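Each structure below is given as structure tokens.
Below, subunit A partners subunit B and then partners subunit C, in two separate complexes.
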Partner chain A sequence: MIRTELRRSAAPWAAVLIVGIAAVLLFAFSGPWWKGGGAWNREWTGLARWERNTLMLVWPFAIGVGALQGLRDHRSGMAELLTTTSRPRWRRAAQTAGAMAIAMTAGYLVIFAIGAVQVAGNATYFHWGWAPILLVGVLSLIGAAWLGMGIARLAPSVLTPPLLAVTALAVAVVTQVSPVGGSLLSGSVPDRIAWLSPVQDGPDDAFTSVAGRMNLGQGLWFLGMAVTGFVLLAATRAATKLLAVVPLLAGAAVALPLLPATVAQAQEVDQGAVALVCADGLPRVCVTNVHQEFLGALVQPAREALALLGKVPGAPTSVEEVTTGEPFYGRRPVVAGVVQIDFDDFDLASGLRSTTDPDRLRRYLVAGAGTPTCYGRVEMDENYERERAARAVSAAGLTGELRPLSGSGSAYFRNELETLARPAWESFRVLPAAEQIARLSAMRVAAETCRGGTLEILTNGVAR
Partner chain B sequence: MRWFVLYARSRGIPLALAAILLSTTSFWALAALDGAPDPELSVLILVAGTAFAAAGLTGQDIALDRIAAIRWPPRRAVHVLAIAVVVGSALLFLQNWGDPLSLAGVVLRDTFGLTGLAALGATLCGGQYAWTFPTGWFAFSLGVPIDASVLSQVAGWLWQPPGTPAATAASLVLGIGGTLAYAVCGNRR
Partner chain C sequence: MKGDEQVIRAVNAAEVAPTTYAWEIRAEGLRVKAGRRMAVDGVDLSLGAGVHGLLGPNGAGKTTLIRALATVLRPAGGELELLGASVGGRTEQRRLRRQIGYLPQDFGFYKRFTVREFIEYMAWLKEVSKKDIPAAVQRAIERIGLADRADDRMKTLSGGMIRRAGIAQAIVNDPRILLLDEPAAGLDPAQRLRFRELLRELGSDTCVVVSTHLVEDVAMACTDVMLIDEGKPVFRGTPSELEAAGGAGDAGDSPIERGYTALLARHQPDRGSR
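Showing the complex of A and B:
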């Protein structure tokens, strides 16, 4: 019987459409799901979380399809006839609901499998942390579809499916919690309530995962929703239909205290992902577990860079990956003695990929004598350009050749290199070796504390 | 008048009208609760309106409709355009109170295109499934990244600023195409 339901009901169409909707979104558009370490095709957590992001479209669709399916008995006009058979109502309901659940699960898993093929080729760090995120996604679809079926049986109107789908869409829209601004209703409704929606933002990096209490709370909530939907679909007495709301309310009552109160609590650091993996031997060159596939390509240029930096007193003696994202303004906390690297940095990523210019990575690592930039990702003013020029000149001072730090080699960067860095380099290169080292050292101290004037130190020996 | 009343009843228009007014006012109130005008909610008002109205594009019995000695094509076209007028003006009317949610040009463009989509849905799949077309495109365009590519502008035509050629073209193609398709072919069973 369930085989018949799988073929004859809306279930197969629903599964195909779920895969279609999500696949078109993920493949046809170069959205944020393709970018950075948290991209959907890079790591397992990123894949599971970006698939949850597609629920923005798929979840309202599931409740609408469920409602369309729930209208079937009403449309065929045989509900009364079926009550004359001796088979209990719930067994018939179980077949339709089971077919729908299988379709929802299959559709969601196929999308995951498409991503998993790509991730398996890219990721070296495997873990099971993605499983709860995936499971909650599946549960949310089953819960939505069954609730749709139940409500449509209760209110068999042609308007029921669009009403449910549009309401779910509105819920998904207004409750979407963005990491920066919170949800649309943040001012008036606590984030805790917003997390009753299954839609989540994808991650920026590969280091964070969804907090366990978030998965548990949402899982229980959607379980309650599924039970309510099924009872509504199977109930024959009015009293049972009334009682059907109890699992939904119980799910909410259990979930709300479990769900995190703030955006920060909703995420947790994936300790397995951020654990450092170091190359054999010294000096230390370490990357996170999740990025260990880059270690092989990094270690040789990194050690050459550290050897060059050894000439500058106080310069870093090891290379380590950082796990905090680049801030919009200012810089991350600096660790003394360490060249901090971030694989989401465009210059580093392109340096690693570069086959035409093997020195680029080394140049990138010695820039600023191993100090990080003082400016955040949205600060692109004149000070940033002067700092960039100083970094290029300091890299040239150590490698002996002025070349662009950026991989792009675009006209903009070439122009910046010629107008600011070239004159500074011409005056720097003619200095005696001891004076060069003294200026590099002074520049390093200034750059470490973000006092500015690094370009002037290299050209004149003093900040102003 | 008698014809009009019978027609409205057979298409479930009173209930759909109630649903449109309810959703428009409640989403408008939701937007007012938030304070800042959200493009999502203003477009969602139009999506909800066209989705609910779309169910009425199928009558009780298509065979019965066919045997009537009535010229259906102009009536069908009027029905589609009436949906656009009701849905669009409900939002424009409510906007007179409080901060306007969106510009009149955007409301006009989006309503026309969405109504055409709903009519297309009724033509291809029947009135009971027609809501999936405007709702689906809206949901899909939520995920479309905002950039200057023509693909993004067409896929996200609902969100473009007024006067964006690609978005206006998308709205006109959907609106005119959907209305014509429904007027000529009628709904699918």
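Showing the complex of A and C:
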């Protein structure tokens, strides 16, 4: 009989609409999912987590469509005839609920498969860390659909499906966890409670995964929700309908202590992803396991850059990928002797891809004599511009030619280069070689500690 | 559903086992409430195989009585035995329901199902064994004359066809007790003729209770007639006895109609001939 239900109930078009909604979210909006290594179609974990983000709309839809299905007996006026049949009610409920669960699972897996085709072409790092994230997503849809069916049976009104869907949407929005913890509504909902919503933030990078206790807690919670929904659907006595709330409450009671208390605890570092893979030979050029597809293109320019840096006393002697994201303010921790690279850095990513300017990657790596910038991703003031000019001049000092570090010679970058860096470079290039190295070395020390005045050191030999 | 159609099928042990009861339906002083009102108030029944017509004016309690027989409503008093078992026990009820076919007055159905899927679904719910379902469904559809529409969606059927699909689902499990509440509503004259034929055929081995206000159907197809009014039995007898109860002075266009009005008028003289 489940075959008939799969054909004739709301299940088949529910699956189609799930795919449609999620596909529109993932494909049609540039939204928050453009981010390099954390993009939905780059890595397995990123795909599983971004698909969980689409639950923002898909999950409310699931509870609404479940409620619509739950109204069928009432709308068709079959209740009386059905009470006179001999087969126990739960067997009949299992057919309808089973068809709905199959549809929810199929819809969710189709979206994953669409992403998987792309990920399979992009990713070199495979692991099963995505599986629990996916499973919790499927469970959340089944729980929502079954709960919707059960509630619609209790309250058989045409208003039930839209009301449930809108309520679920409101819950999903209000429980969006902000980057610093608490809900987006100025943190008014604590993290633990917010994580009872299945909607997950997409990842910023490919190095983290969802914490195991998060998956476990959410999984148990949605399991409880599904059981409650099914009992409501299958119950024949009023007492059973009352008791149906127990699995839901029990799920919450077990899940809440398990769920992480803070945003930091909600994620865990994917040790397999961040393990370093180094190119054969010396000097050391290493990338994370998850980005090893870039190693081949990186190793040659990186070693040339290290050779150039060898002229500057104290300059780094190896290139390694860092796994901490670029902070909003200030810089990430510096490791002495290492040129730190971040594939989500636009300049590095475009340098790697550049075919017209093969030197660009090398220039990028020797900028600042191998030191990282002192400014975070939202700091764009005058000091930052002066630092960029100093980095361009220092790169020119080692490569012998002043060229932009960013962009492909666009007007903005040319202008930036001409106004600050060009005069500094003109005065720097005429200095004796020994003085050039001395100034580069002094600038490197200043940049390493973020003392500032790097452009003045290069032009005047001393900081302002 | 040709009358001379020969059906050869396997019978199981339960079907050929000797019955342990004298009447398929037996009631004594049966009282059933519809809401707060006592809609059936003291009905005695002993019905075996045959077609039993249930007649009465609107609101007489026909539907309430049929709903009690279908195990939808619990009796509020008196005794009700179906297939020899007292109605009420849970496991007993499940066994009982397997052997009941029921067409409610307001027959609801899943609109997106095809006729065949719907009747298959009902057969499954009545615990017809899985291997028997396709044949049982086909037979029910053919008996009711819907074979050419079997694979159309329920929502595309006309009113009369829906009524016939309702009869098909009621007979798909070869019930021992078949309860039909206004089965002929919406059938055209030709279909009604065929339907009466089917009733006679079913009545040969099944206890069929047909509630109707179409007096003609009773005269043609029923082996006996019950007339109830205000929840109380007024008359019990054969169609010819019903005819005999009326005289030339009673309202009605046919002998049986005159009998019907005469009996009702005698039961409640103040209502006169209605």
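We take it that the second predicted complex is superposed on the first by the 454 of 464 C-alpha atoms of A that agree within 3 Å, B and C clash if a C-alpha of one lies under 4 Å from a C-alpha of the other, contacts with A are read in each partner's own complex, and residues count from 1 in each chain.
Note that in this section a contact is a pair of C-beta atoms (placed from the backbone, for glycine too) under 8 Å apart; a residue touches a chain by one contact, two chains touch by 3 or more.
If you're wondering where the values come from, they're calculated on a predicted model, not measured in any experiment.
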- Task: Consider subunit A as the common anchor and indicate whether subunit B and subunit C clash or fit when overlaid.
- Result: fit
- Touching A:F61, do we find subunit B (first), subunit C (second), both, or neither? first
- Message: With both complexes overlaid on chain A, does A:E80 touch subunit B (first), subunit C (second), both or neither?
- Response: second
- Query: Put subunit A at the vertex: what angle do the Cα centres of subunit B and subunit C make there, to the nearest 10 degrees?
  - Reply: 50
- Task: Mind working out whether A:T371 is in touch with subunit B, subunit C, both or neither, as first, second, both or neither?
- Result: neither
- Message: Contacts for A:T4 in the overlay, against subunit B (first) and subunit C (second): which applies, first, second, both or neither?
- Response: second
- Classify the contacts of A:R72 with the two partner chains as first (subunit B alone), second (subunit C alone), both, or neither. second
- Message: Between subunit B and subunit C, whom does A:V166 touch in the aligned arrangement: first, second, both, or neither?
- Response: first
- More residues of subunit A are touched by which chain, subunit B or subunit C? B
- Task: May I ask you to decide whether A:V158 touches subunit B, subunit C, both, or neither, giving the answer as first, second, both or neither?
- Result: first
- For subunit B relative to subunit C post-fit, closest CA-CA distance rounded to the angstrom comes to 12
- Note on the structure: So the subunit A residues that subunit B and subunit C both touch are none
- Message: Using the touch definition from the top, list the residues of subunit A that touch subunit B in their complex.
- Response: 21, 24-25, 28-32, 53-54, 56-57, 60-61, 64, 68, 71, 157-159, 161-163, 165-166, 169-170, 173-174, 184-185, 187-188
- Where on subunit C is subunit A touching in the complex? 67, 70-72, 94-98, 100, 102, 104, 106-113, 117, 120-122, 124-127, 169
- Listed in rising order, the residues of subunit B that touch subunit A in the complex are 12, 15-16, 19, 23, 27, 30, 33-35, 38, 40-41, 44, 47-48, 51-52, 54-55, 127-129, 131-132, 135-136, 138-140, 142-145, 151-152, 155
- Item | subunit A - residues contacting subunit C, complex | 1, 4, 7-9, 72, 76-88, 92
